[in-house]
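There are two complexes below, and they share chain A, which is joined by chain B in the first and by chain C in the second.
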Partner chain A sequence: MTGKAVVTGLGVIAPNGVGTKEYWTALLRGHSGIRPIERFDPSGYPTRLAGEVPEDAFSAADHVPRRLLPQTDRVTRMALAATDWAFADAAVDPADLPDFEMGVATANSAGGYEFGQRELQNLWGSGPEYVSAYQSFAWFYAVNTGQISIRNGLRGPSAALVTEQAGGLDALGHSRRSIRKGTALMVSGAMDSSLCPWGWIAHQSTGLLSTRPDPEQAYLPFSELACGHLPGEGGAILVLEEAGRVRDRIARGATTQVYGEIAGYAATFDPPPDSDRPDTLRRAAELALADAGAEPGEVDVVFADAAGNPAADEAEARALRELFGERGVPVAAPKALTGRLGSGGAALDVATALLSLRDQVIPPAGPVTAAADRHGIDLVVGAPRSARLRTALVLARGHGGFNSALVLRTPA
Partner chain B sequence: MNRRVVVTGIGVMAPGGSGVEEFWDLISSGRTATRPITAFDATGYRSRIAAECDFDPLAHGLTPREVRRMDRAAQLATAATREALRNSGIAEAGIAPHRIGVSLGSAVGCSVSLEEEYAVVSDSGRKWLVDHAYTSPHLFNYFVPGSLAAEVAWAGGAEGPAAVISDGCTSGLDALGHAADLIREGTVDVVLAGGTDAPISPITVACFDAIKATTPRNDDPEHASRPFDRTRNGFVLAEGAAVLVLEEYEHARRRGARILAEFAGFGTRSNAYHMTGLRTDGREMAEAIRIALEQGRVAPESIGYVNAHGSGTKQNDIHETSAVKRSLGEHARQTPMSSIKSMVGHSLGAIGAIEVAACVLAMQHDLLPPTANLHEPDPACDLDYIPNTAREKRVDAVLSIGSGFGGFQSAVVLTRPERTAA
Partner chain C sequence: MSEAVQEPLSLEDLVTVLRESAGEDEEVDLSGDIADVPFSDLGYDSLALLETAGRVQRQYGIVLDDEAMAAAETPRLFLTAVNEVLCGAASNAG
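This part shows the complex of A and B:
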């Protein structure tokens, strides 16, 4: 056993593509998932655009057993469907493995929020006896982990992490640790969805959302025109396996692929907002690279957090300049085509980075035509850029000061 | 290099008293802190009992600005963190901020503030299209409760990895297990680790009502939580927080820290059975216990005390009794086991950490806390549950176990500090 964690399966649900192939095709063609909200009437709110997964692109009843529908929020239905796809992609049937050797670690930002709003309305509008018997577990943060475990018979070590956007990387770091400690397979990644009015006003309360009405102009990370971000829903579920086990599986004739190795990971937390100490994003990246035994010069592409507001974009650009030099590494910001998906967004970035490593091409930052000069970064814009890609660095920042970094390598 | 993890500080905000001393006084006396709910008017609810903290944030040094910003769960966690920092002495040890991490368990996050905000913006449930004009500037911090870990990190000057671990009712144990991993692998030397939950709000009380998980014994609140008793009929919801300073052993020794216990082992497994239900055989919890013992290199026969999950639901107490017999074998019958939830209730994602704190104190005091309200033993629960009165006993190794919605089953093994030094 090598103790190395490699990714063998992907399940993707994104606003611009449901399914890995559909999403990857959309990214490379520059198709955006940013559109006016349809799930509820957004006309009374300052921000009316989001990365919403259209109902006709993901109809839960087609993917999730009927008996699970009354007890699950949309976020959990997405997580269950993406898990099925990730297992199929990895050519793994969980029934073939000892149950204690498979675990689940996902991240989550807000639980089954739309479900929660409905039950709050039942309680406050009608009374306690109107609250669903499923509320006790359909809303809480562990819901996706628990339901994935039950549906697939995974009885190994499991967990749910909450660090907002950074969680998508933290769940993968956690899973990698479980594999290093002896678990054969981990289902990981993150799915988030909170596109209900009650979730929407929480997003708006940060004051960080774009209020521009044009979907092509609203979320422009690193651009001179950057003016905030747009939330979205979706994410990615990944199957991680111990590398030696996969090698044996392939030797025995399994038709799976190895997308790449999770070669390094680190997380840091920023000092309080009123502190004069520096933020810690660069340190997270340095520690992740050290963990992977990689020099900054070995990194072929960085998938940026891409906050979309000028101050946060500059903070990230500064970390990149300090690490890699002025325009020292290609920077990808595919989030510009999906919006920020909470913890799901960072997991989706990892899936995207693995597809980039597979196809040796970097997707463009959607509608962004150029990075602002002052950022001094080589942002990939316009068309996909072909490049020799062996090592990718993925960055994520969670609201409040969470920083995480993950290093991916192509299979040796 | 074999890095070992020790406990060098504890802070506890539990029902019945603030701080470690009052907590220990309560649970070693067998008194209970369960009472009629005062947090809101619970008329019309099935279960109207809770174990509440009489907690004054200002008296614990929080500023009015902090109180406005923080959900109650954050306030409890911050107060517990400050107590743990004080009694560990790490604030004076000059530790580099990036060598300190945070791992905080919470099952339901900032649910009290979320519900208060909801009531305002929805005009008490009248509007689906809630009104953003009345939104609190802190709403996003309640919406994503990573903010709880942020508050602890700020209170402790931590700039290493920080996370909220939200594994339902094993969150507190799992957060400690995660913290120990961070120290063992060398990522950090110190982690502020524990759990917090303040779930006594209408929606949480209603959701447990709906599945009859909480006890309706409203006419006798002080004796409502009855783990292992034949007449038990559900748990008593509670709030609280505990934060432990976990530290690498050599690091603690070099700075002359007082070592309270070794965090020797942790194991977790899932039952993949049901989001809220348990099978009677205890197979997965037994496996979690086995893993924790193995990691701690502790033989089942060395366990001198088991701090039970003991929630007082019909099925939990049977499930858990099976798991302990399955993992400790014949030794289970000679091992005292108790549930402090009989006294301080069930504070969801906090209780695991509170119970580990109780285990550390039990080893320090050579005294095992009892299971209160245990007068009619259930024939299906046939171990030694230390009924009603604390028991003097010196123990070298203890086991603390938990079980959570979502199917999580976790176990922690602690040993006396003398064993670490030997």
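This part shows the complex of A and C:
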């Protein structure tokens, strides 16, 4: 037993690609998933674009058992499908392992919003007897963890983490701890979807959304034209295993891969907005690097939080300059092609970073062309950049003061 | 209204409501003779039956006793419990 947590399976659902291969191909080609909202009529809202996964790209009935459809929101259907794909990718059949040696820890930031909206409409429009019994859990932040656990027979240590965007990293950090403590396998990552009128209002209320109508111009993190972000839906589910176990599995003939090790993780919380103390993103990155036993100079690429607001972009750029020096490390912001997916976004960034480590290439920040010179960071724009990549740092900030950082390393 | 409640609930009706409210296990054939097959073997848990009972109450305008419904472990017992109430509702209406 090494106690090391490695990623052996990926399941990806993104606005610009459903399935790991489709998503990765789209990223490298710079194909965007930002589009006008079709799920509901957005014409009455200031923001009308989102990273929406097209209905024809993800039809739940094709991927989720019929019995589960009446009791699941779209977000849970996505999580269940991505879990199936991650297990298949890892060449693991959960039925072959003891129930209590496998756990699941996912993050979520909105719950089953669309389901919840429908049942609230039933409650206030028709009466309490019209509310689905499944509303008791289908809206809940922990629902993805619970449904993944039940469907796959994972009865080991399980959790749900709610720290908005940062949650995607927090779930993986938590799962790494579970593996250190002796759990053989963890299903982790995050999925979010709240593209319904009720969810959309909640997003508007942050005041952080872009209202620019052109999909190519609306969400431009680190650009001089940055003017807010766009929400999206999707995320990634990952299979984490104890490294020694994977080695044994491969020795016995399993055809799986090791994408990389979760080598370090840390989370911090910002002081209140009116405080004189600085924000703590840099501190999170430093702690994660220390946890990985890595110096900043060893980091080959940073996957940025990429808020898309000038002040938040500068705060992140400042942390990067302080840690790595002016233009000291390549910075990736593939979120520009998907929007910000809540907790799913950070989990997707981890999947993307692992694919970068595998293929030794950094995807471009989509439509961002105006150089990020004023921020003093080396943002990868325009085309994919080939590079020798062994260590990646992924950063995420959750609305409300959450900061998390995760260090990934190529398999030894 | 009273016309509608006088029709007893049939097994076919129940299967329709089950499918709508709780989905359907791909490995179970609901079109067969399932009257005495426990709901658990058909892939329906207590919550699924709560949801199903809720739909029956709304469609038929009746109130079912939670404990009586919880004790109905097969479609036949479920139908008996519902139809007893339906008959009562019909005779009250008459």
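One rule holds for everything that comes next: the second predicted complex is superposed on the first by the 409 of 412 C-alpha atoms of A that agree within 3 Å, B and C clash if a C-alpha of one lies under 4 Å from a C-alpha of the other, contacts with A are read in each partner's own complex, and residues count from 1 in each chain.
What we mean here is this: a contact is a pair of C-beta atoms (placed from the backbone, for glycine too) under 8 Å apart; a residue touches a chain by one contact, two chains touch by 3 or more.
Every value quoted in this text rests on a predicted model; they were computed, and no experiment measured them.
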| item | value |
| --- | --- |
| Chain C versus chain B on the shared chain A, clash or fit after superposition | fit |
| Partner chain(s) touched by A:65 [first = chain B, second = chain C, both, neither] | second |
| Contacts of A:174 with chain B and chain C, given as first, second, both or neither | first |
| Per-residue touch tally on chain A - higher for chain B or for chain C | B |
| Partner chain(s) touched by A:132 [first = chain B, second = chain C, both, neither] | both |
| Partner chain in contact with A:205 - chain B first, chain C second, else both or neither | first |
| Arrangement angle, chain B at one end, chain C at the other, chain A at the vertex (C-alpha, nearest 10°) | 60 |
| After superposition on chain A, the shortest CA separation from chain B to chain C (Å) | 5 |
| Contacts on chain A seen with chain B and repeated with chain C across the two complexes | 71, 132-133, 136 |
| Contact footprint of chain A on chain B as seen in their complex | 44-46, 97-98, 102, 106-109, 115, 118-119, 121-122, 124-126, 128-132, 135-147, 149-150, 153-154, 157-168, 174, 178, 181, 185, 187, 202-203, 205-211, 213, 267-276, 284, 287, 404-408 |
| Residues of chain A touching chain B in the complex | 40-41, 44-46, 71, 99-100, 103-104, 108-110, 116-117, 119-128, 131-133, 135-137, 140-143, 145-147, 149-150, 152-164, 167, 170, 174, 177, 194, 197-206, 266-272, 277, 280, 283, 342, 398-402 |
| Touch list for chain C against partner chain A, complex | 20-26, 43, 47-48, 50-51, 54, 57-58 |
| Interfacial residue positions of chain A with respect to chain C in the complex | 65-71, 129-130, 132-134, 136 |
